[in-house]
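Just below sit the structures, each encoded as C-alpha cells.
In what follows, chain A forms one complex with chain B and a second complex with chain C.
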Partner chain A sequence: MTVTIYLFPAFIYASLALCVLLSYRGAKIVNLSLGSVFTLGGYSSMFSPLASPAVGALIGLLLHVCTKGMDTGRATLFSLGLAIAIEEALRISFRVEYVLLRSHIIHLFESKLVLEHFLAFLVSATFLASFLFFELRGSLGKLKLRVVEEDLEIAEIYGIDTERVRAIILVVSSAITCCLGGLYLSGRVISPTIGWLSLIFSCIIATIAHAFRDKAYILVLPVSLGLCWLTW
Partner chain B sequence: MANVVIFTSTLLLLLMPAFFDYYIKLLASSALALAILTISWLHLERDLGMASLGHSIPFGVSAYLFAINPSLLFLSPLTALLLYSLSMLGRTLFPFATFFLSVTFWYLAHHVVLGGRGGEEGFEAPSLDLNLAYTLSAVVFLLSYLLTWKVSNSGLGLKVRAVRDDEIAAKAIGMNPEPLKIFTFTFSCGLASITGVLHATIFGHVSPDVFSPYFSLFPFVAAMIGGRRLWSCILGSYAVVGLSWFLSPYVPGFHYLIYAITIILASRAQAYARSNRAV
Partner chain C sequence: MKGLRAGYEDEAALRLTVASVVIAVLAIIAIVVYSVLYVPPTPAREIRIGALIPLTGEFSSAGVVMENAARLAERHAREMGYNVRVIIYDCGDKPEGAKASFLALVREGVTAIVGTYSSPQAMAVADLANQTKTVFMASVAAADLEGKVRAGNKYVFRNAYNTSYWGFLASEFLRVTNAKSYYLVGYEPLKTFNEGLFYIVKKLSAAELKGERWVKSPAVLPDDYKKAARELAKVDVEVIILGDPGPGSVDFVREYRMAGGKATIYSVGGTLALPDLLRELNISGIAFQAAALEQKVKTDLTKKYFEDYRKVYGGEANNYAGILTYDAILIIAQAAAKGGDLISNLEKGTFIGAAGFYEFSETHQAKWGSDKLRGTIGIFRDGKIEVLL
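What follows is the complex of A and B.
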C-alpha cells in the first residue's frame, strides 16, 4: 500500500520534474504544455497503450518547430496556448467533462497493484536511471548539454547543433510525459484539466532541485521522495 | 474625431444593455466587471511592464472574503504583496509564476469549507437587484477608467514608467523603485479586488472557479483583442464574454478556444511585452 501511494508517485513526479528542468535549462522554455500532454496521454491510452508516447513526441516536435528562435518568455507563452488548445481539443472531441479509464489489477508481494501504475513506475525508474547514468558517466553528450545550458551562443561557436539538442529535449520530455500520463492516469476519472496539478507539483520539485545548480538532475528524485513523504 | 467615436461607442455599449432582457443585462454586467479587471491588469502591464497571469488571485480572494464575511475584506490587500513578491523573479518568469499560483489557489479553494458551506459548490454571496448591479458596474467601470488614466498620466505614473524602462537609470536620478512598484501593485490589485466583490454581487455566488484560468487569463486575452489600450478594454471584454456565452452551447468551453488562439498569436506578435504605448 505504502509503495503505491508514496513511492510510485515520487518516481513519476521526479520524472516529470526532470522533464520540466531539462526543458527549462536545455531548451530555454518553461514548458507549460507538459500538464496537458500528461492528460493527453491518459485520453490517448483509451485507444492504444502505445499511442501515448507517439502522440507526446509529435506534440514536442510541434512545440519545437513553432517556438524556434523565440526567447524564453514568448516560447513559454506559446506552450501555455498549446496547453489550452490541447485541453479544448479534448473537450470538443469527447464532449463529456469526465472519463473513466480502465485498469488491471495484479498481485505482487502479497499486495494489490494497478498494473498500469506499476508500469509507469518502471518507465520512470528506467528514465531516471538512464539519465543518472548519462550524468555520472561524464560523456561528450553531457558536456554538450552543459554548454547549451550555460550559453547558447558559446555552444554554437563550439560547433554544437543547439537546435538539434533543443528538439531532442522537447520531443523526449513530451513523449515520456505523455507515456507516464497514459499509464499513471489509468483507473482514474479524468478531465481535460487534470494535468495542471501534476505539472505544478513537478515544477515545485524542479524549482527546489534547480537551486542546487550542477547537482539538480541528480537531486530530483530525493527531492521528489521528500515532498511526496511530506504531503502523504 | 477619433475620440468622439470612441466616446460614443463606449457610451452606447454602456447604455444599450439597459434596454434588453435579463440575460443580456447579466452578460453585460459580467463583461463590465471583467473590463474593470482588464483595466487593472493593463495598468500593471503597461506602466510597470509586469504581465500578471494571476490577476484572478486578488479578484477571487476578495470575492471569497466578501462571500464568507464582508468584514474580512481588509485582508484582500495582502494579495498585492503576494504578487509584488513574485515580481522579484523578474519580468520573464513573473507571468508564469503568477499563473502557477492562481492554479494552486484554484485547487486549494476546493478545500475551503466553513460551517458546512463551501467546497466545490462555493459560497452564497450577498446579491443586488440586476438593474442596480448593472448601474453599479457601469459607474465603477467609468470611475476606474478615469482613475487609471489620471494615475498613468500623472507625475507618479511617469516615475513608474521610468522604473519600467530602466530601473538602474531611475535609481541613478534619485528614485526609489520599490515604493513605486508597491504602489502600482496595490493600485492594480485594489481594482481587481473591487471587481471580485462586484462579480460576487452580480451572481450572488462564489465558487472555486473564480481562480480558474478563465479569470486568470481573461485580462490578457481581452487586452490583446482590444489592442492593449485602456478604452478598448470594454470592447475586448464584451467580445470574449459575448462569444463564449453565445457559442458555448455549440462548442463546449468556447472561451478556451479564443484563449488558445489569442495566446498563441500573442506569443508571435510584436505587441507582447512592449509596454510603451500611449493611453
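What follows is the complex of A and C.
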C-alpha cells in the first residue's frame, strides 16, 4: 500500500518534470505557467473531466503564439505573467472560501484509493512510457528534437520547422499538466495557488535530471522515484 | 369733545406703534439669540475602520470570508446607529505586505485597524501601530501580542484567542469526551502557534500523549500529509489534535480514514470547521473549535450574523476568522462612538459581538473563557453538527 502511495506522486511529478524539461530544452522557455495550468486543470474538472486537457492545450497554444520569436528570458517572464493572469482570473471567478473537488473511492489490492489519483497515475505512466519509447527508438523525430535543443538556427538550416516543434511541445506539455491537475487535485480543497507547490517539486526533479544532459529524459522517472522515496 | 377724541386716537395710535416696535425688537432679539445659541444637529462623526485582509496569497481563501464579514459588520454597525466606514486593504500572506497596507490605511486617516491573518503579520503590524499611534485589533492571529503590550505598546488589542485559550479548548475537548489518549499533529509553517497550543494541552490534559508528528509545508513536500496520515492510522489512539487550520487538514482527514484510522480528529478550526464542507466531505468524527456556532446563540448578534451572512453571500458563515473580524469592527465602532480616548474606552468598556460580550484584560487580550465570552466545540457525526461545549 505504502508503495502505491509514493509511486503515484513519483510518476505524476516525473511527468510534470518532463514537461518542464521539454519546454526548457525544446521550446527554449522555463515554462512557469505550468503551475497555474495544473491548478486550472483542477478547476476545469469541476465542469467536465474532459475539459482539462482541452483547456491546457489552448493555454499552451496561447503561450506559443505570444512568445514566438522571444529569447528564453523574455519568454520565461511572459510565462510568469500568464501564470499570474490565470491565478488572478481564478481568484476573481471563484470568490468562495473553499472549492472541494469531488472524488471517488475504489478498492484496489485490498486498500482504498482515490479513483482520480489512480487515473492520474495511469496517464503519467502512459506519457512517460511513450516518451521513453520515443527516446529509445532513435527515430527521426528524436533526432529533430535533439537538433532543435542544440541550436535553433542549425535546425532551420536542416529544414526542421522549429516553430511547429515548439508549438507541439508547449501544447502537449500544457495539456498533460492540465489533465494531471484535473485528476490529481480531486478530493482536495483547492485554491488558485495550489499548483505552484507541485511545480516547485517538479522543477527540482527537472533540474537534477537536466544535469545528466543526454540522459535527462530517461532519468526523470528514476530521479523522481528517488526523491519521493527519500522524502517518504 | 372732538379734541378729547382726537387726543385719545393719537394716544391709541402711539401705543399701537410702540407695541409694534417692542414686538419687532423682541422678535429680532429672539432671532439673534436663537441663531447664536442654536447648534444645528450634525450627522454622527464618521468612524473609519481599516481592515487588513489576505485577499491574495496563501491565506486568500480565508480572506474571502474575512472580507464578507467585514462588509457585514459595516452594514450591521450602521443599523445599530454607528456611522461606520470600513476600508479594506489586501495584506497578502507576508509581513511586508501587511506593513505596507497598514501604513496606507494610516494615511487614509482611519480610527483603528483590524485584521491580518498570520502571526508574523500581526507581530510586524503591532510595532507599526506603536510607531504610528494607531490602534490595531488583531482579529485572527494568536501570536504573543500580550508581550508587546507588557513592553509598553498600548496600541495593540486582540479580540481573537491567544494560544493559551486554543490549548485550553483542546484540553477541554479531551476532558469532555473522556479521551484516554491523544496524538498531536503539528503543521510546520505554523510552528510557533502549534507549539504553544501543544504545550498547554500537555500541561492541562490528563489523557496519555501517544506521540507528536509535524507535517511539512506542501511547498517543501507536497504529499507529507499523506505519509503522516498513513503512519497515524496504525497508531492506537482515541483523539488526534490537528494543528493545521488550512486545506491540508482536509487531505489529512481523507487519507487517514482511507487508511483505516478510527480516532476522532480534533481540528483547531479553519477549513474543517466549515459546516458546508463537512457535509460535502461526509466523514464522521471530526471535532472542531469555533468562536461561535449558529446552534449556540450567545448574543442577539449571533443569529443575525449567521442568517444575514447566508442571505447576503449565499454560503455558510465562517465561525472563526470571519466572525472575529466581524466582532473586531463592531468593538471598534462601539468604543470610538463613545468619543474621547479610544484606548481608554477599549480598556474599560464591554462590547457586544456575535461571539459574546468582550472585555479586555490589562494586556489588551479579550477575556476568552469568562462567563460572557466562551469558545464552542462542535463535532460532525452522522451527517450533522452537534455542539459539545
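Everything below uses one rule, namely that the second predicted complex is superposed on the first by the 228 of 232 C-alpha atoms of A that agree within 3 Å, B and C clash if a C-alpha of one lies under 4 Å from a C-alpha of the other, contacts with A are read in each partner's own complex, and residues count from 1 in each chain.
Convention: contacts are C-beta pairs under 8 Å (C-beta built on N, C-alpha and C of every residue); 3 or more make two chains touch, one makes a residue touch a chain.
All values derive from a computational prediction rather than experimental measurement.
Enquirer: Overlay done on chain A, so just call it for chain B and chain C: clash or fit.
Expert: clash
Enquirer: Quick check on the superposed pair: does A:Leu100 touch chain B, chain C, both, or neither? Answer first, second, both or neither.
Expert: The second partner, chain C, only.
Enquirer: Output check: A:Leu230 vs chain B and chain C. Expected answer is one of first, second, both, neither. What do you get?
Expert: Touch partners of A:Leu230: none, neither chain B nor chain C.
Enquirer: Quick check on the superposed pair: does A:Leu140 touch chain B, chain C, both, or neither? Answer first, second, both or neither.
Expert: Neither partner.
Enquirer: Regarding the shared-chain residue A:Pro9, is it in contact with chain B (first), chain C (second), both, or neither?
Expert: Only chain C; A:Pro9 stays clear of chain B.
Enquirer: Should A:Ile92 be classified as contacting the first partner (chain B), the second (chain C), both, or neither?
Expert: It touches chain B, and chain C stays clear.
Enquirer: For A:Arg74, is the partner it touches chain B (first), chain C (second), both, or none of the two (neither)?
Expert: A:Arg74: touches chain B, not chain C.
Enquirer: By the touch definition at the top of the document, which applies to A:Leu32: first (chain B), second (chain C), both, or neither?
Expert: Only chain B is touched by A:Leu32; chain C is not.
Enquirer: Taking the superposition on A as described, I'd like to know which of chain B and chain C A:Leu82 touches: first, second, both or neither.
Expert: First partner only.
Enquirer: Tell me the contact category for A:Cys203 with respect to chain B and chain C: first, second, both or neither.
Expert: The answer is first: A:Cys203 touches chain B but not chain C.
Enquirer: Kindly point out the stretch of chain C, out of 19-27, 127-135, 163-171 or 199-207, that overlaps with chain B after superposition on chain A.
Expert: 127-135
Enquirer: Jot down the residues of chain A that show up as touching in both complexes, chain B in one and chain C in the other.
Expert: Common interface on chain A, chain B vs chain C: 91, 95, 196-197, 200.
Enquirer: For the complex, give me every residue of chain B touching chain A.
Expert: Residues in contact with chain A: 53, 91-93, 95-96, 99-100, 103-104, 107, 213, 217, 251-253, 256-257, 259-264, 266-268, 272-273.
Enquirer: Under the stated contact criterion, what part of chain A meets chain B in this complex?
Expert: 30, 32, 67, 70-78, 80-82, 84-85, 87-88, 91-92, 95, 196-197, 200, 203
Enquirer: Can you check the complex and tell me which residues of chain A touch chain C?
Expert: Within the complex, chain A contacts chain C at residues 1-2, 5-6, 9, 91, 95-98, 100, 105, 111-114, 187-194, 196-198, 200-201, 228, 231-232.
Enquirer: Can you check the complex and tell me which residues of chain C touch chain A?
Expert: It comes out as residues 56-58, 60-62, 64-65, 218-219, 221-224, 226-227, 230, 247, 250-251, 254, 258-259, 271, 274, 277, 280-281, 315, 318.
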